[in-house]
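Common to both upcoming complexes is chain A, partnered first by chain B, then by chain C.
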Partner chain A sequence: MLNLALTHTIPTPEGPRPLQVELTQAPGERLALYGPSGVGKTTLLRLIAGLARPDQGRIAFGDTVWCDTERRVHVPARERRVGYVFQDYALFPNMRVRDNLAFAQPHPDRNRLDELLALTRLAPLADRYPQQLSGGQRQRVALARALAQEPQLLLMDEPLSALDPALRVALREEIDDILRKVALTTVIVSHDLGDVFRLAQRVAVLEPGKVAALGTPRDVLLPPTPSGRHALSGIVLAIDPADVLWRVTVAIGNDTLATLSADVEHLRVGAPVAVQLNGSSAVLQPV
Partner chain B sequence: MNRIPATLTRVEYGAGMTLVEADASAAPYGMTLVATVVGEVPLTAGMLVVLACKETEVALAKNLSGEISLRNRHAARVVGIDAGTVLTRVSLDWHGHPIASVITSGSAQRLGIRIGDSVEWLVKANEMAVETA
Partner chain C sequence: MIALQAADIQPFWLTLKLATITTLVLIVLAIPLARWLAFGRSPLRPIIETLCNLPLVLPPTVLGFYLLVSFSPVSFTGRWLQDVLGLKLVFTFSGLVIGSVIFSLPFMLQPLVAAFRQLPSNLIDAARTLGKTEATILARVILPNARAGLLSGTVLAFAHTVGEFGVVLMLGGGVTGDTQVASIALYRKVEALDYAGAHSYALVLVSFAFVVLLLLRLIQSRSETRPC
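Our next item is the complex of A and B:
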């Protein structure tokens, strides 16, 4: 069980900002830290891993106190048995996949290494170098390497954010499958709702300075009284005549949507626009 | 967007959806919504709201007979026609409220729609939305 209660100063473009966090995580639980950039998610992960020291507070895992500023206790990162999956993989470029994993093992164990390669579907790629792998394959190596450390706690920092959307979805399912099999206590940092709902059993929503909400993704992140009309934020790309109407093309994230509209007098190319979907009429197709 | 002031007359919460009935200019409307609130206020009978539907969701009929599942069908008078190659925008007067329907020009011709005609405009319950008044 992970227990932490700490305060720490987060550097932000607007100046230093204190972050106060109290969290308890059950053994085997997958907890997501969700919130906008700069709110302190990665900093919190680094504090748990022992890569940074909190200004004040206590971090304990089970019966072991990893950090207690009052008692001047700070267990070094290498002694915490924490597996850390970085956003940008952080693999050794001069080592083959197998060697990246072997290097992370606390004790050489060929059988365990083969198990991990099989678990992460990396066995056919075991003799390749990182630069010979795709982004998704590299992240699987990063996860396998973190597991090779035989951690008691797994920390994942935006593990899917470097991937394009299609690969992200596929790898998310693979990671979910792997995490179910290893049943490790895991903390996942993400600002992506899909990651949170698929990978986490509970979520801590971070806002500047604090944990704003803590609970299951459904309880915390689904609106309790939906308005039924969902507004997506977009940018108007083009307004073209379409017979007696106007064809308005809007960018929503990386996608574009064209719709017919009778009212365009308030729309401007390049300006933000709310795209409203009638909840009962939205058509959903798997992609 | 067509917008009509109305008063909610009945709100029935179901599993994951809400059936709402409303009265506008003494005419009944029915809507199925994935909603329990309008703005941030819970839907309740007696609430003043605005009913909204997109012009392209409004169908037109002349001399309609027999039964039809559509809940929202109302008689109106044609006050304007803007015919395009593919689509035609038909402007209606319904109890003093402007309503627009965009249908295909082929359908407009088939119905023989002329200014001054009496027509019925029809919207399915799930294509209507409720907005704050």
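Our next item is the complex of A and C:
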């Protein structure tokens, strides 16, 4: 069980801002830290891993206190047995895939290593160097390496953010599968709702300075009642005259939508726009 | 006709011995120092780094002069070195090694620090979360991924020691067989108006410098094509 109660200063472009967090995670639970960038999600992971020290507070895992600023306790990262999957993977470029995993093992165990390579479908790539792998393959190596150290807690920082959308969906399912099999207490940092709903059982929504909500993704992140008006956000691609009106084309995700608008004075090509769908018509609002 | 007699080969052997010992001492010394400069947090780092880099801009005779003064048995430090540690460093080979280590330090240190600083900090953090000690991280992660820097530093420090003149003349005095390295032997030949003898030393030193720089270029182009 992971217990966090801490205050830490987060450096932001607008200057340092204190973040206050109180969280408890049940054993075996998968918890997502969800929120906009710059809110302190990665910093929180680094504090849990022992790569940084909180300004004030306490971090405990089970019966072990990892950090207590009042009692001046700080267990170094290397003694915490925390598997950390870095956003940029941080694979050792001088080691082949197999050696990256072997280096992580607390005791050499060839069978376990082969099991992990099979679990993450890396066996055919075991003799390659990280720079010879694609983004998705590197991500799987990073996860396999974190598992190779037999961690008691797994931390994943934006595990899929560096991948293109199609690959992200496939790998998300694969990671979900692997996490189910290993059944580890896991903290996943993401700003992607797909990750949160697919990978996590509970979510902590971080807002500047605090945890704004904590619960299951459905309870916390789904709107309470269906609304007749739906707003999407997009990017204006083109504004063309169409008789007395204007034809505006907007990119929403990977799709485009063309609609008619009477007022395009505040719209600019390349600028974000809110698209409110109302029956058959759309209202465009610059944001 | 340029020909080296048996007695003339001796300064080359001495030069190679000095350069090899200096380089070995520098490898042992510079790795922990570079690690501290690249990853440490002490506010003293810029001052220490500047001190280490001073030989890059100082005339070698300045350094040689200060070392001569501080190692001289009439000075306090020289007397202490001789009485307490039994070290006689003026006009001796051991003195030359110490002078060369100080003088060639930046040539080993700079490529190492640059290579260490280029490593993504997440690599070191990842090794820490994997339970590795700082010594293991240095040996298995930092050094193998900074090996182009280590190689460049080793080659440069060795070559620079071979090319030393001011420090070795000041501190070593050019004692034949003991501290007279190739660059000083060349100088002595010119003083004695033996231009053919001087030429043979100069030609070997030029060829050596060319081979070293070519080697360095090859190391650099290899590390550019292979990032690991």
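Following the convention adopted for this analysis, the second predicted complex is superposed on the first by the 250 of 287 C-alpha atoms of A that agree within 3 Å, B and C clash if a C-alpha of one lies under 4 Å from a C-alpha of the other, contacts with A are read in each partner's own complex, and residues count from 1 in each chain.
The rule is short, and it goes like this: a residue touches a chain if its C-beta (ideal position, glycine included) is under 8 Å from a C-beta of that chain, and two chains touch if they have at least 3 such contacts.
Every value quoted in this text rests on a predicted model; they were computed, and no experiment measured them.
J.: Please work out whether A:37 is in contact with chain B alone, chain C alone, both, or neither, and reply first, second, both or neither.
T.: It touches nothing on chain B or chain C.
J.: Regarding the shared-chain residue A:260, is it in contact with chain B (first), chain C (second), both, or neither?
T.: first
J.: In this superposition, which partner touches a larger number of chain A residues, chain B or chain C?
T.: On the superposition, C touches more of the residues of chain A.
J.: Between chain B (first) and chain C (second), which does A:285 come into contact with in this model arrangement: first, second, both, or neither?
T.: neither
J.: May I ask you to decide whether A:88 touches chain B, chain C, both, or neither, giving the answer as first, second, both or neither?
T.: In the superposed model, A:88 contacts chain C only, not chain B.
J.: For A:111, select first, second, both or neither according to whether it touches chain B, chain C, the two together, or no partner.
T.: neither
J.: Show me the residue ranges of chain C that touch chain A in the complex, using the header's touch definition.
T.: 120, 122-123, 125-133, 140-141, 144-145, 227-228
J.: Which bits of chain A are touching chain C when the two form their complex?
T.: 46, 49-51, 76-84, 86, 88, 90, 92-94, 103-104, 106, 129, 131, 145, 149
J.: Where on chain B is chain A touching in the complex?
T.: Residues 1, 17-18, 32-40, 42, 54-56, 82-89, 100, 102, 126-127, 129-130.
J.: Touching chain B in the complex: which residues of chain A?
T.: 225-229, 242-245, 260, 262-263, 278-281
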